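Multiple structures are listed underneath, in structure tokens.
Consider the two complexes below, in which chain A is the common component and chain B and chain C are the respective partners.
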Partner chain A sequence: MRITQGCFSFLPDLTDEQISRQVQYSLENGWAVNIEFTDDPHPRNNLWEMWGLPMFDLRDAAGVMMELNQCRKVYGDRYIRLSAFDSSHGWESVRLSFIVNRPKEEPGFHLERHEVAGRNIRYTTRSYAADRPEGRRYG
Partner chain B sequence: MDLDIADMTNTVNLREELESVGIVEILAQLDRELIGLTPVKTRIREIAALLLIERIRKRLNLTSEVPTLHMSFTGNPGTGKTTVALRIASILHRLGFVRRGQVVSVTRDELVGQYIGHTAPKTKEVLKKAMGGVLFIDEAYYLYRPDNERDYGQEAIEILLQVMESQREDLVVILAGYGDRMDKFFASNPGFRSRIAHHIDFPDYSEPELLAIAELMLRDMNYKFSADAREAFIRYIALRKTQPLFSNARSIRNALDRMRLRQANRLVADLDRVLAADDIMSLEASDVLASRVFLNDGSMTSSA
Partner chain C sequence: MPQNELMTRSNPTSRRTPPEEADMNMHSMTVRGKDRYKSGVLEYKKMGYWEPDYQPKDTDVIALFRVTPQDGVDPIEASAAVAGESSTATWTVVWTDRLTAAEKYRAKCFRVDPVPNSPGQYFAYIAYDLDLFEPGSIANLSASIIGNVFGFKPLKALRLEDMRLPVAYVKTFQGPATGVVVERERMDKFGRPLLGATVKPKLGLSGRNYGRVVYEALKGGLDFTKDDENINSQPFMHWRERFLYCMEAVNKAQAATGEIKGTYLNVTAATMEDMYERAEFAKELGSIIIMIDLVIGYTAIQSMAKWARRNDMILHLHRAGHSTYTRQRSHGVSFRVIAKWMRLAGVDHIHAGTVVGKLEGDPATTRGYYDICREDYNPMRLEHGVFFDQHWASLNKLMPVASGGIHAGQMHQLLDHLGEDVILQFGGGTIGHPMGIQAGATANRVALEAMILARNEGRDYLHEGPEILAKAAETCTPLKSALEVWKNVTFNYESTDMPDYVPTPSVAM
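Showing the complex of A and B:
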């Protein structure tokens, strides 16, 4: 199951040129772009790992693309996303975030129904990928 | 210049092409604001002409390769290397060979780290900032320290070389430094020499050129020499040139700053005098002659 998080996730995967144009748009707005990766696709997982520091003071998307390609070389089997941070109001806040790399196979989620008192049901989603230990979840 | 290059389907008007990119004014500005440096200006004109033709060839699908644009500027201190780098960046930008046209100026400190694993991220950060523009590495020979085999400079050099080769369309690197040391640097790093297309040598300024530079600087600051001061300054240049640590235009600028200081002192010393604008603008011979350059014995250097 293809996961849909962040911008553009209902569109076909962006090509490198399209990614580069989005990054350039962010840089021209004065936003700092950051690369993060993870192998836990749960939508509530907001602790992605950082690939280096956010990139401040860049003028051209080529710098971000260089880092992205290096991140793909190492973690090409995981989810990678770019986030653009706007600091114009005094603190960094995310303006744009989108997935730029995903595993070949996305096994999807198991929906667990937990029956509790009074015929109520509580739901839990659990990613099949997370059954395996970290670092060995894909491929 | 009225030549038209005729293709089977396309014709190109060189003059229109040249005017549309607006580098004529940059070249004119270069002529106007930089005194002397004739060989440098000639080379820049040649490079600009080459790039203009290259741009047309690209449009006509006669070439698809990105030309190598990395350069090395060699010359003594104060000969205008940084200034020319800024102009080159705007020429490259107008012609579309760099996308953004910014100049990131760095020295060894910003590229080389202090411990294992520090250098690569540092160099890459600088490269990322320079992407789409020009990376100007001043005193580039400091990157390579042959006396210390564990020096991290070599690591920075390797990363630079790799990016200079593989991302030629994203970044132009200009190495600058004093002539003899740069020669040694290139001799021990043949990879650099072969990746650099244009080696430009900046000659020292002659004495009349230095005087012209001084007058240009003064005009920009709304000052001027009195006739006596001008004579004195000609003597000053001749004497200063023979002294150690002479760095061309930079020494001239420093000298002018000290003369402005003396002039201000002189004017303030006489508080009751009514000054005209002309008095405030002009430097007198006494402001020039108070320089320690005119003292023959070194014991009174503090008077400078």
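Showing the complex of A and C:
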């Protein structure tokens, strides 16, 4: 399967050139770009690990691309995403977020069904990879 | 009057009287003292409902009406009558006024302008003291402003065009239960419009069949699916069946994609008790969103908004029924007023037009509605039909929904007209896809992502739109096929409701 979180998951994987243009767009809007990675891509896992701090005060996308390449060297077997943060009043949140690195194989999720009273079913989404400890989940 | 004169004029809440209107905006005719309360009938304009020198207070509610008096009726008197009948007046003088601070409670018409290019119609600006309204109650606000006056005999027609809601009043409302920012955070979806589809056919599917449509659409790439306004609990599908099968579909699609998904479970029902029961069941099943119809009424909407805030639920509103009073230009209530009321009332989504789809919607007017939903401050923009500066005092923003006759081939136009914080709902445009529902959903999602990518890269996506879509279709057969099937589908009809003011370059004097 292919996890389709983020803004561009339905397109073919973005090239570095394409990623760089999205970063530049974010910087020109005054947003700080943040690199995050995880090997627990559950749809409700909001807390991916941060690769350093969000890059405030940056003007050139090259800075982000350099950091991204460093991150890929260390965590190339995991999901990596870029998110752009807007601190302006009324937003103070993420304005753009997209996946820029994936594990070679994405085993996806198992849907557990727990039958309860009436016809109700409690559903639990469980990542196949997350059965193993962090750091040993992919590859 | 030249239109540029109207365009450049200062905000109507500040007094000014151009010379050419001097004969119309006459001085106050109010009868004062003992004579004011002599038994009998007195013209409204003499009772204190026409006060051209009145300076509206920052805390006043201001309403703008389009007044069409009956033939021979003085427009000032007609406008004063609107002020009177929507506040303290009755048809005759009553002495009991003298037991009250009557001058404070009288609504005051302070300005009447002829409507450009519309003989016989007048814009009447009326100020209402804040004390006339119960805090935090749309029912009370609307009972005052549109309660009685629309059937008043001396008027041929009357339309409530816009309202200025003072911050002091805005702050008495909860506002959208969730808001655009928190909705995006909960959904983990940023930087693009959200995608939805209304399940079709809207009537007749069993719960099991219905769940199938939801699953296919969500798995294919949509973020949301939606019940239609008239899907409640009918013989072919009772509500619990629908909820159970829909939530199976949502959970299965989430596991299949790794993305958060939702389906608007319509809890509209005959009584509040029924609605609460349905909402509680939706919550128990883990739904992130429920839905109500505008026809349930303002009080029920506010109740559900409070319930939604307490229960971490996104609240979708379908504007069922609104066209019966919003569509005609001369009579009724403009949708921009309904949008303002609904932002106060506290819904998170509201259908606000598509511009390019099958339902009514002039681009400039629709832009005005979208701004009302999404901005923290709306400056007066007559060319969008926005007559007042409106501060929202950090009340949550609500997500406009574009639904009805739209398809993937229009993605560049939709993004251009409607922007990023919007839900694009492709019902027929998903379910009617020749390769199936999943393919239809995928076509929409790919078209959207390709367009956002191109926009962010700085491309002229509006003009290069068809080219961008064609390129994306090279690696996506479902999109290719969608573009082929719906390539010539457009809905070009004249709008019935357009702004009265068009922008014209103003010449510096």
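As a working rule, the second predicted complex is superposed on the first by the 136 of 139 C-alpha atoms of A that agree within 3 Å, B and C clash if a C-alpha of one lies under 4 Å from a C-alpha of the other, contacts with A are read in each partner's own complex, and residues count from 1 in each chain.
As a convention for this text, contacts are C-beta pairs under 8 Å (C-beta built on N, C-alpha and C of every residue); 3 or more make two chains touch, one makes a residue touch a chain.
The model shown is predicted, which means the values in this text are computed figures rather than measured ones.
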Simultaneous placement of chain C and chain B on chain A, clash or fit: fit
Touched partner set for A:G52, first chain B, second chain C, both or neither: first
Touched partner set for A:V94, first chain B, second chain C, both or neither: second
First (chain B), second (chain C), both or neither touched by A:Y128: neither
First, second, both or neither for A:A62, with chain B first and chain C second: first
Touched partner set for A:N120, first chain B, second chain C, both or neither: second
Touch count on chain A, higher of chain B and chain C: C
First, second, both or neither for A:Q22, with chain B first and chain C second: second
Superposed arrangement (fit on chain A Cα atoms) - minimum chain B/chain C Cα distance in Å: 16
Contact residues common to both interfaces of chain A (with chain B and with chain C): none
Partner chain A, residues of chain B touching it in the complex: 99-100, 102, 121, 124-125, 127-129, 131-133, 163, 167, 170-171
In the complex, chain A residues that touch chain C: 1, 3-5, 7-12, 14, 18, 21-22, 25, 41-44, 46, 83-84, 89-98, 108-111, 119-123, 125
Interface residues, chain A side, partner chain B - complex: 52, 55, 57-64, 66-67
In the complex with chain A, residue positions of chain C that touch it: 181, 184-185, 188, 190-192, 221, 240, 244, 247-248, 251-252, 254-260, 284-286, 376, 394, 397, 442, 445-446, 449-450, 452-453, 456-458, 472, 475-476
